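The structure is given below, and queries will be raised subsequently.
Here the chain labels run A, B, C and D in written order, and each chain numbers its own residues starting at 1.
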Amino acid sequence: MSRTVIGGGTVVSATGSVAADVLIDGERIVALAAPGSETAESFTSGADRRIDASGRLVVPGGLDVHTHMELPFGGTYSNDTFETGTRAAAWGGTTTIIDFAVQRRGEALRQGLDAWLAKAAGNCAIDYAFHLIVSDVNEQSLKEMDILVDEGVTSFKLFMAYPGVFYSTDGDILRAMQQASVDGATIMMHAENGIAIDLIVAETLARGETDPRFHGRTRPSALEGEATNRAIQLAGVAGSPLYIVHLTAAEALEAVVQARDAGRNVFAETCPQYLFLTDAEMERPGFEGAKYVCSPPLRPEWHLGALWRGLKTNDLSVVSTDHCPFCFKEQKELGRGDFTKIPNGLPGVENRVDLIYQGVVRGDISVERWVELIATTPARMFGLYPRKGVIAPGADADIVVYDPGAHQTISASTHHMNVDYSIYEGMAITGKAETVLSRGVVIIEDGQFAGEKGHGRYLERGTNQYLI
Amino acid sequence: MSRTVIGGGTVVSATGSVAADVLIDGERIVALAAPGSETAESFTSGADRRIDASGRLVVPGGLDVHTHMELPFGGTYSNDTFETGTRAAAWGGTTTIIDFAVQRRGEALRQGLDAWLAKAAGNCAIDYAFHLIVSDVNEQSLKEMDILVDEGVTSFKLFMAYPGVFYSTDGDILRAMQQASVDGATIMMHAENGIAIDLIVAETLARGETDPRFHGRTRPSALEGEATNRAIQLAGVAGSPLYIVHLTAAEALEAVVQARDAGRNVFAETCPQYLFLTDAEMERPGFEGAKYVCSPPLRPEWHLGALWRGLKTNDLSVVSTDHCPFCFKEQKELGRGDFTKIPNGLPGVENRVDLIYQGVVRGDISVERWVELIATTPARMFGLYPRKGVIAPGADADIVVYDPGAHQTISASTHHMNVDYSIYEGMAITGKAETVLSRGVVIIEDGQFAGEKGHGRYLERGTNQYLI
Amino acid sequence: MSRTVIGGGTVVSATGSVAADVLIDGERIVALAAPGSETAESFTSGADRRIDASGRLVVPGGLDVHTHMELPFGGTYSNDTFETGTRAAAWGGTTTIIDFAVQRRGEALRQGLDAWLAKAAGNCAIDYAFHLIVSDVNEQSLKEMDILVDEGVTSFKLFMAYPGVFYSTDGDILRAMQQASVDGATIMMHAENGIAIDLIVAETLARGETDPRFHGRTRPSALEGEATNRAIQLAGVAGSPLYIVHLTAAEALEAVVQARDAGRNVFAETCPQYLFLTDAEMERPGFEGAKYVCSPPLRPEWHLGALWRGLKTNDLSVVSTDHCPFCFKEQKELGRGDFTKIPNGLPGVENRVDLIYQGVVRGDISVERWVELIATTPARMFGLYPRKGVIAPGADADIVVYDPGAHQTISASTHHMNVDYSIYEGMAITGKAETVLSRGVVIIEDGQFAGEKGHGRYLERGTNQYLI
Amino acid sequence: MSRTVIGGGTVVSATGSVAADVLIDGERIVALAAPGSETAESFTSGADRRIDASGRLVVPGGLDVHTHMELPFGGTYSNDTFETGTRAAAWGGTTTIIDFAVQRRGEALRQGLDAWLAKAAGNCAIDYAFHLIVSDVNEQSLKEMDILVDEGVTSFKLFMAYPGVFYSTDGDILRAMQQASVDGATIMMHAENGIAIDLIVAETLARGETDPRFHGRTRPSALEGEATNRAIQLAGVAGSPLYIVHLTAAEALEAVVQARDAGRNVFAETCPQYLFLTDAEMERPGFEGAKYVCSPPLRPEWHLGALWRGLKTNDLSVVSTDHCPFCFKEQKELGRGDFTKIPNGLPGVENRVDLIYQGVVRGDISVERWVELIATTPARMFGLYPRKGVIAPGADADIVVYDPGAHQTISASTHHMNVDYSIYEGMAITGKAETVLSRGVVIIEDGQFAGEKGHGRYLERGTNQYLI
């Protein structure tokens, strides 16, 4: 077993920062020790390797709890495989992803899980787990939920959007929530009123309005607010925890705030694209707007302030990416002449940790809050703590040595995601994941990928640790 | 230097629990190590002492950030000295107190601080620090605030109650807040509309209503809500952080919730008495009600649910005691025939950690939230983290080995506070601080006080770590 | 043409009370004159009849804007015909009803309207109009909405409850709202999440819980709150006015309050049964609870205070009855052994004016607010003002001479509705409609019905007069 | 006694509009009659005069319930006397003012009232009444409140602003509210935190910032919001009605909204200047900004939308003017070099009815709401209804024949107020009071003032008619 010391850095947790050396034995952290203490010294002297973290932040590897690798969507697939996608994640300081296995209508949950396990197996550079998208709520799938929770799949995603595809009725939703309540599972919700949106879309197309900009205009934020409130009320009736995915709208946030003020088990995530980009991107000339088509859509400027405030107040507890990349060429282009044919999704798994760090740079959040948002809360929310999400004895040695003063410019020409554009092209940022370890192994170092395909292991998860 | 290991226990932080051995060298924690690891074993073999924490929670010593030892009030003194009061605190698992030094009108802040430093010096069983009560806002005291922050007194308390005694006008409050804004200091506020209350009190006495019960009836919760909102608005104008002390009323909590939802630097504490007792206590026959006279007063039942919800949502971030004990005999009795002469204050420094643990026993809060409420947040709020409030390398070895299954019955006949009654007399509770360490020294063990007067040191503090 | 004077009374409007004589020529009011003025005297001397209203309130005849005469429901019909129902209404001081014509799925709106016009024609004792229930939103019905608004049917009701019967999807609702927005029509909404309720109902029946009490338990108030918010958000997207029918739940009221605080064209009515009765009625032994089965169901006590507050704040603008009587024998009894087979609906058209007057007796609302709730606002809301709802020159002489000091006891043995029980049996009340005129004709007098079948005329209506 | 008919117009009330002839006998309205009816015809044939109101709105004369004629302020007097001010009011369609008599510190309330009665006696063109400003809350003034309510002075104004002048402490305020609660009187409140403002003002002057623009900057809207909430809470404790004068700030409106949603007897007015002008006016070059100095100050743009919404939702129930004119020359100029010396107050009594009518022109409010805001609600709020505020038999014949299509341009060169500038100079508006009657006498006609000094009578008032 190899021994590594990360010494001289500032170890940051969700509650504060301390000077400490991190002692790693094999895959796990065995101790945190005061720098210069006998304990630190004796371990270091016998260590195989010492990583100098002077002037660096030593933080738990990020968890991106919302990715879609190789997702079939609209006749194509999201363009990152588990291999390319997890490698890009590693570059960006993320050492765990939770992707979504998809139950197809008429199939069993387990079929979906097995299919996705198969896609991932042997391909991942970092550890991974799965949520399950439940497309077909029926007696069989409810029974499977019960079993799967015991097996380590503890979160199930439903859709109030996409009628005819992933959409569940309010009855299906309530039934799944009742099951989740029994199982201690967390229901994840894509909260947009898809029925109403589909009407607006049809009316818009009928008027000949087919450009990418109409994607945003046909999905008003009020309909995200409405669906979010509906999900919250249904969860209240069922008594189940609820986690709103990719929240984008001030109206939706307001519904979450009210529920949380009441002490409800309601949680929400947002994504970097909603924190940094606006609906103006979809108005770009030509077909360029298609690069920014995702659902829910990018919102008008005034929503962004609300979202940043939500990060501060913990009404938004997590930032994930909803990474779902489609190349502009041939993929996004499927929607020329009909915005509904543009594959929905944006690339981002590589940029999340850095982008949220800009909140620290700008003074909007503390460095502790950054760690909480990118690692600690995701780990606790989805039952991986303290294995992931914290630097503590016994935890997996998933660690990022972060250079808080490094400068980068985001660009498709330098990123590692398998997609031909960047939604943040040219953005100058401060801070960078310098060295990244996954289970004790250095996988990013000196600007090189040092990991390997298949190193990443599948993680069985416990239930949400925020529930009372 | 003595070496101690606390082994085999579950180390609880604000974010989660891990199995870890805590290695202590002298006054400080030098490492946390995985149990059974070589690091743990080698340290243990050379240690002077091993405390077996099997089946126990190993938690940071509590911080009670609101106590009044030897406080002159209404012609008498609160009956715990720094010696008796800090010893009682230790018994209850509290290893740091922040008491209030008092500036008298016409004197300098420093005179107040020096007087309280003198009272405490050489007497305390545990570490201690001071906030400063500012009774006289003037150019001189504002200049002193500036200096004192640099010297480690970073929080200043003002009163909207007690006209003629501690009361400050809204102009004084705003001026002090402006200074705090410049200094990064935190303004602490006793938020009751004392001017309005004094009118009601005078009218009540004029009607011949003099029993203890009228103490509560003359201080309606709406006037706490009003003052809380006023303090928040003034702090908003000044741009200063605000910490509401001993919040008791649902109306006041609502004002705090709104401010926090808006992302404001507004914080609040409550106290165990407001979480467990109601205004019915003041209605006790004879003069017994006087035992429960404090300000703000105990509230009607319906407020309690709101406060517990506030603990859950973090709109109440801290539980302190406002420990200010007066004996029933001779002290509380000063108010026979005139409730305004009853010394205001209740004993409690010994009971806080255990009482809040009942929230864990009842399933209202998690064990992590308990640690956060009693130790981590108080330490971060008042600039003592990571020296206090966390178990981490480099931190002071202020540690409680807590037996989660122990049974106790609270009683004046067994408590260690220097007061002749208990407000919780006869209450059966679960959980107990079994072994308590202060800066590496065991001070409570085997049901004995093993500490000593004068062990406790004065702490200079940094500023509030929650500010952005 | 006959001339009548109502003299010596206090004429009450929505804004205040004045001593005035009301001069009626034929069907209309021609003047209000100061008592004793030459104008009053000269008219009176030539009048055919003088009604002495000394000590009486002279108020506009009530408008009950939510009744269901002869409604087919669950294999039976509501037991009041237009003849018996409008006669009972007259007894209670109501001189206009707006009933609901029903479009059946697959039929045209006009077919529904024609069918209901035919049922009513020649049968009514008082004037009447129709809203239209839209069961089938399609291109044809949307076009008909456009036409019908011009013809005087300006309000259209949709259901979020009753899947498979009246239920509309959110898409249908949005589409109808868009049409209403263009037409200036008002959408009326039965706001309960029927899809979720049907699931709960099925689960409940599956557990063998079939008694009437389970009717209430399967329709939680949170699902009325949810649907109300959803309707409000959809109306916001469409830009249409919205009127929530029979609001019962504090959660629903809260959603209405928020919308109205924002200045939205959102309105709501409640019904007397929700203001006076609680869900305890459904718990009556035997099958007696069935007498109180309606949808939304009667609610727990705490909702009633919220509703009365809503009447005061004008967040509830109208009180209608949702009169839909089914005899206990043979009709309600259809649901023995299966609460879902109990016809939903309660009798009440005769009691509304008197019951709301109890709010005046108890000091909860003013006499002006009573007139506004029972007559003025309903008339303005549904485009009948100033023909109805006010005592003013040119208005129809629909007038109630109300004895504010009369005592009554409500009972099935004395009421005039065609139903074998009263939900208010034995309730002692103060106030009574002494004399009632419809279009200048006395129809209730000296405790006798003096009107006649067929006197009532069909009313074409304008649009909602509250819209800006 | 003279008889007048106003025929052919549309009589507008707060609830709707009807075609009706208004028959006036002497000072009072004796009847409203349907045009062309025998009643109308016979009266008209015997009338002394017929005013043709074809194409005109016939509305109750306006009530301006907040004026300050001849007010001593800062060493000068507001420049309109009761003679010039009431004449200007008449020009603008206002037929009643309620001015403020001022109790000076150390004097009796009655001394203040008598002084103001003396100023007004024999000088007014229209009817008038008084509120009383209570500067000195003591046992004597509380006893006088009791007596004055019986004599027809039913509203008392207190100040949270202007320490050392009109300012009352919270204790004084609470005591006066308790008295008002007993008497059924309404407390009117100038709600700004004057203590905090005075500190900011002193700091500002100390920095040498003396221009008019600093008037606005030293009175932040948060301090109006704070004081408004405080007044509401104190009124809640006392159980008294509360009327917030000249509300300007969104924060203050929010406090009022919350109280009104809870069904509290809390009311508020705003003024035209706050609806049409912003703080940008105070930034005018030179000393021009002084023309716009009033308290509370004009606010940033975003507050205006909130105020207009409040007019719509009835959270703002009244629009008054706070008419308090000071000439720019010699009066406003007193504040050159020190903005605190600028007399606070703006002219406006002549413009109110027309300016609010612009809300009708722009489609923000209905014509009925306009009548309610300018006449009906003020009359009900201050106990003058139905004598004033409505066109009904028995009411005083205070009537405005309003030309809804007339065009005017507001200018100091044409206005009738005794002040050398207009805050609305050059504003083009639609609508104009064409003919104005006060108690049956035409006082404005054909662009001429036809009234006379001394026609106006003093009005004893009843209590607030909105209380339950």
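Heads up, the rule we're going with is that contacts are C-beta pairs under 8 Å (C-beta built on N, C-alpha and C of every residue); 3 or more make two chains touch, one makes a residue touch a chain.
Note that the structure is a prediction, hence the values are computed from the model and not measured.
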Smallest count of steps, each to a touching chain, taking subunit B to subunit C: 2
Most remote chain, CA-based centroid, reference being subunit D: A
Rounded Å distance, subunit A centre to subunit D centre (Cα mean): 58
Intercentroid distance (Cα basis), subunit D paired with subunit C, Å: 39
Centre-to-centre distance between subunit C and subunit A (centres being mean Cα positions), rounded to whole Å: 51
Set of all touching chain pairs, with the criterion as stated earlier: A-B, A-C, B-D, C-D
In the complex with subunit C, residue positions of subunit D that touch it: 13-21, 23, 25, 28-34, 37-40, 42-43, 257, 260-263, 309, 312-315, 363-366, 372, 376, 380, 385-386, 390, 392-395, 465, 468
Subunit A - residues contacting subunit C, complex: 169-171, 173-175, 193, 195-196, 198-200, 220, 222-223, 225-226, 229-230, 233-234, 236-237
